[in-house]
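Heads up, the next two complexes both have chain A, just with different partners, chain B and then chain C.
== the complex of A and B ==
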C-alpha cells in the first residue's frame, strides 16, 4: 500500500486566556494522534463538537503548525514544504459555502484564484476554470455570477471546483455537507465519490454525521477529546463497534424507522471539556462500563480484531 | 369522530412577504392534545414561517390569512397584539434552533426564566426563581441553584437547549412549538433532548409541533407528519403510515436521499432529487414539484388534486 498521509504523534495545544488575573489554560485540541491514509482511499473522522477533528484537518492542511509530532504527505514532511507546493498537493473543502467564498468576486475568479497564486498564465487559467466547472456539474453561465446568486449546493460545487483546479492529490473535506439540505447533500456526496474514483484522489473526510461517513469512507477514525479512540475499516467499525464511545455514538443515530423510539445513549449528563481533560481514560466520566482503574490508568493504543482502540476494558 | 376540537387547528393558512410572492400557500395543520406533530421539509419550504404565523410572530409587513386558525376552539387569527401576548409564553410556547441567540446574554438564566412567570402570572421574583429551579431539575439539569446564577455563555449547547425548554414550560403551556430544537446539537445530545421532550409530553400531556428537516427525528418522535414543499403541505399522515407507504414523489425522493447506517452500499450513489426548489410567484398554477419529478405529466401544469384515503393519509398529487 502506498501511504498518502502519515501522521505521527501529532499534538496541537492552544493557550486560552482566562482574563487579566487568571493564569492561562492550555488546551490540547489534538493530543498525540497517529494514523496513515492509503493513497486513493477515504479516511472518515467522526466525533462530537470540540473533539479536535477540525483542528486535525487544519494540521493536515498545513494551515496550523503542529506543536509536536510530524505529518508526512507522500513521504515529505509538511513542515518542510512551502505554501505553493503544499497547495498543489492538498486542498480543502469547508463546511459553509456561504462564508468560504468571497462574496464580492465572480465565480470565475474564485475558482481561478489558486491558479493565479501559482503564477499560471491567464489563458490557461480560463480554460482550466471552464473545464473544472463542467466537471463539478455547474452550467457555464454561472462563471459570471456572484456567490449570493447561487444556491447552497451550487456554492459547495464551486468550493469543490476551486479545491480541484490545481489537480491536487489529497482533499481534506471538513463537514462538506453539514450546511446543506438532505437532497442536496446526496448530490454533493455522489459528486465527491465520483471525483475521487475518476481522479484517483485521497480524501480525509470529517463529519459528525455517521451515516454520511459510512457512505463515503473506506476507513473510519473516532475522535474523543483530542485522541483517536478507535480506528477500523468502515464495514468492521459499523458492524462491530468495539470502543464504548463508538458504540454510544452509533446508538445515538436516529435512522428513519418509526417504532424504534429514541435510544438511551447512556452517556450521562456530563459534557467533555477540552480544557479539563479527565485523568486516566479521558472517556471514563461518561463511560457506561467504566471501572475504578479507568480513572487512574491511561489506555494505550492496541489492536483488537483489526480495530485499533484505546480502552482498558473492551 | 372528534368529540373535542384539536388543540391547534389551522386551515388554509397563507402568508406573503412581498406583493408578488406567496411563501405559504394554503397550509392546514391539526395538532391533537398530548401528541407530536412534525412538519418536515427542506430550507425555504415554509415550515418555520408557518410556525411563526401560528404564533403571530411574523415580521412586520408580512400578510397572513387563513380559512380559520383556532387554539383550543378559540379563534386566534383575529386577536389583538395584547391578547396574543397573553397567550404566547403562557398557553403556547416556542423554542428555537440556536439557544444562544434566543437567550439574552446580558441576564442570568434565573432572571430571564423568572421574568416569564412575573409577567404572565404577576408573581414575585422569588416565586419565579423557585419555579425556575424546579423546572431546571425537571429537564435534567443537576445543581439547578448554581445554574440560575449563570449566564448563557457559561453553558454548553445541550444545557442551553434544556434551559430554553425549561423556560418554555414556566407557565405550563398546552402547546410547545419547537423549531429545529436539536439541529445545532451533537447526535448524542440530540437523543437526550428528544427523550426529554417525549418524557415531558407523557408527564404533562403537552402537544408538540416540531419543525425539522431530519427524517430520523421525525420517525422516532412524531405521531403525525406533514411534509412541506414550496409553501404547501404535499403529504400528511401518521408517522407509521408515512414511512411505510410514502405516496408523494417528493416524500419518496427525500427518503431515498438519507443514508441509513447498516444498509449502505459503498460505491453506489445515493438517491437524490435533481434540480432545486422553484420560485413560486403569483399566477403559478399546478404542482410546485413537477420540474423535479420523475412522474410529471402534462396535467401537473394545470392543477393538483388533494387525495385522501379516508384514514387520514392525504397527499397532493395526480398519482394515487
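== the complex of A and C ==
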C-alpha cells in the first residue's frame, strides 16, 4: 500500500477575541487528528456542522497553516512545499459552485486559471481546457459563458474541471454535492467516482450526508469536536458501527417511511461549544452509555476489530 | 411608475454627462468666438433672449467683453479635466489602500484604518486652501491637492467590499491553484468590487468639480484668465445686482453637470447591482 496523504496529529487553534476586557478564548477546531489515505482510494470524513471538517480540508489544502502536527503528501511535508508545487499535487472542489466560481470570468478562464498560475503557454492551456471540459461532460460551447449562465450541476462540473486540469494526485472535496439538487447530486457523485478510477486520483471526501459518503468512500472517518472518534472501512463501519457517536449518527438518518417520524437518537443536548470542550471523553455529555469515568479519563485511539476508535467503553 | 422615473433619471444623467464631455472635447471647433479675446466696446451684453441681446453673443459677454458662451464651453473643459484627473489620482490611492487592508486584514488592516481615520480628521477645504495658497495656484496643484485628499471614500468602499469577497470560495480556489498575489488581487478581487467603485467615482467626480469651483471662487483655484466655472462665478459676483445672468449662467451649468453626474451614479448603482443579482 502506498500512502498518498498522511496526517499526523494535525491541530488547528483559533484565537477568539472576547472584547476589550475578556481574555481571548482558544478554539481547537481540529485537535490532534491522524489518518492516512491510500493512493487511489477515497476517505470519507463525516460529522456534524462545526466538528472541524472544513477546517481539516483547509489544512490539507494548505489554505491554513497547522498549529502543530504535520501533513505529508507522498512523503513530503506540506509545510515545506511552495504553493505552486502544492497546487500540482492537491486541488479542491468546494461545496457551493455559486461562490467557488468567479462571477466575472468566463468558464474558459476559470478552468485555465491553475494552468496560468503554473506558467503554461496560452496555446497548450486552450487545448487542455477543452479536453477537460469534455472529460467532465460539458459541451464546448459553454467555454465562453459566464458562471451565471450555467445551472448548479454545470457549475460544479466546471469546478471539478478546474480542480483536475493540473492532473493533481489528490482532490479534497468539501461537501461537493450538498448545494445541489438531489437529481444532480447523483450525477456529480458518479462523475467524481468515474474520474477517480480513470485518472487514479485519491479523494478526501468531506460530507455530512452519510448516504453520499457510503456511496463513494473506501474508508470512513467520523469526526466529533475536532477529533476522529472512529475510522473503519466503509462496509465495516456501516454494518457494525462501534463508537456510540457513530451509532447515533447512523440512527439519525431519516427513513423514507413517513409514519416513522424523526428518529430519537438519544443525543439529547445540542452540539457543545467548541471553545469549551468537555473534560475526559469529549462526547460524554451526550453519550447514551457514558459512565462516571468518561468525564475524567481521556480515551486514546485504539484498534477494535479493524475499527480505530476513541472510546473507553466500546 | 417609479421605475420609469428612475430610467428617465438615468437617461438624463447619461445625456448630460456625455453632452458636456463632448462639448468639452470639441471646444475649439464649436465655440463661436475666442474665449480670451477681450472687446471693451461690447461689455456686459445680456443673453440673446433678453432686451439688448445680440446674435454674436448667445449668452452675452462678461465685464471684459469676452463671449460668455465660449467661456462657458472652455470652462466645461476645465471642470471635466479636473473631475477626471482627481478621480484617477484619488481612486488609485484609495482603491490600493482599501483592497490591501480588506484583503489582508489584521495588522495591515489596522494600519489602513488608521490612515483613513487620519484623513477623515483633516478638514478638506482648509487644507486645500492652505496648500494652494502656499504652493501657488495652477491646474496641476489643484488636481494633486484634491487627488491626495479625496480618496477616503474609495478606500472605505474598496475595503469593505474586498472583505466580503475575500472569504468566497473562488478566492480559496485561486489560492489553492497557486495563483500569485497580484493575480488574485487584480483578476479575482478587483473585477468583483469595481461596480461599487464606479459609483464612488461619480460621487467623487461631482465633489471634485464643486471643490474646484469653490477654490476658484476664493481665488485659489485655476488662475485667470482660464475660464473655470467657479472663477466665472467669482468674477460675476460684483455685477450680480445689476446683471444677474452673469452669475446665473455658470451657476446653472455647474448645477446641471453635478446633477447629471449624480443621476448617472445613482443609475449605475441600480443597474450594476441588478446585473449582479440576475
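Note that in this section the second predicted complex is superposed on the first by the 308 of 314 C-alpha atoms of A that agree within 3 Å, B and C clash if a C-alpha of one lies under 4 Å from a C-alpha of the other, contacts with A are read in each partner's own complex, and residues count from 1 in each chain.
Convention: a residue touches a chain if its C-beta (ideal position, glycine included) is under 8 Å from a C-beta of that chain, and two chains touch if they have at least 3 such contacts.
For clarity, every value in this text was computed on a predicted model and none was experimentally measured.
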So, after the overlay on chain A, do chain B and chain C clash or fit? They fit
Message = Output check: A:238 vs chain B and chain C. Expected answer is one of first, second, both, neither. What do you get?
response = first
### Task
Tell me which partner A:91 touches in the superposition: chain B (first), chain C (second), both or neither.
second
Ask   = So, A:123: does it touch chain B (first), chain C (second), both, or neither?
value = neither
**Prompt:** Counting only touches as set out at the top, which of chain B and chain C does A:15 meet: first, second, both, neither?
**Reply:** neither
Touch test for A:215: chain B only (first), chain C only (second), both, or neither? first
Please indicate which partner A:249 is in contact with in the superposed arrangement: first for chain B, second for chain C, both, or neither. first
Chosen between chain B and chain C, the partner touching more chain A residues is B
When the two complexes are superposed, chain B comes to within a least CA distance of chain C, in Å, of 13
In the complex, chain B touches chain A at residues 42-43, 140-142, 156-159, 186-192, 194-195, 198, 213-222, 239-240, 243-244, 253-262, 264, 266-267, 269-274, 276
Interface with chain B, chain A side, in the complex: residues 48-49, 151-153, 181-187, 189-190, 193-194, 208, 210-212, 214-216, 218, 234, 238, 248-250, 252-265, 267, 269, 271
Seen from chain A, its contact residues with chain C in the complex are 58, 61-63, 83-84, 86-88, 90-92, 94-96, 99-105, 113-114, 116-118, 148, 159, 162, 166
Listed in rising order, chain C residues that touch chain A in their complex are 168-170, 172-180, 183, 187-188, 191-192, 276, 278
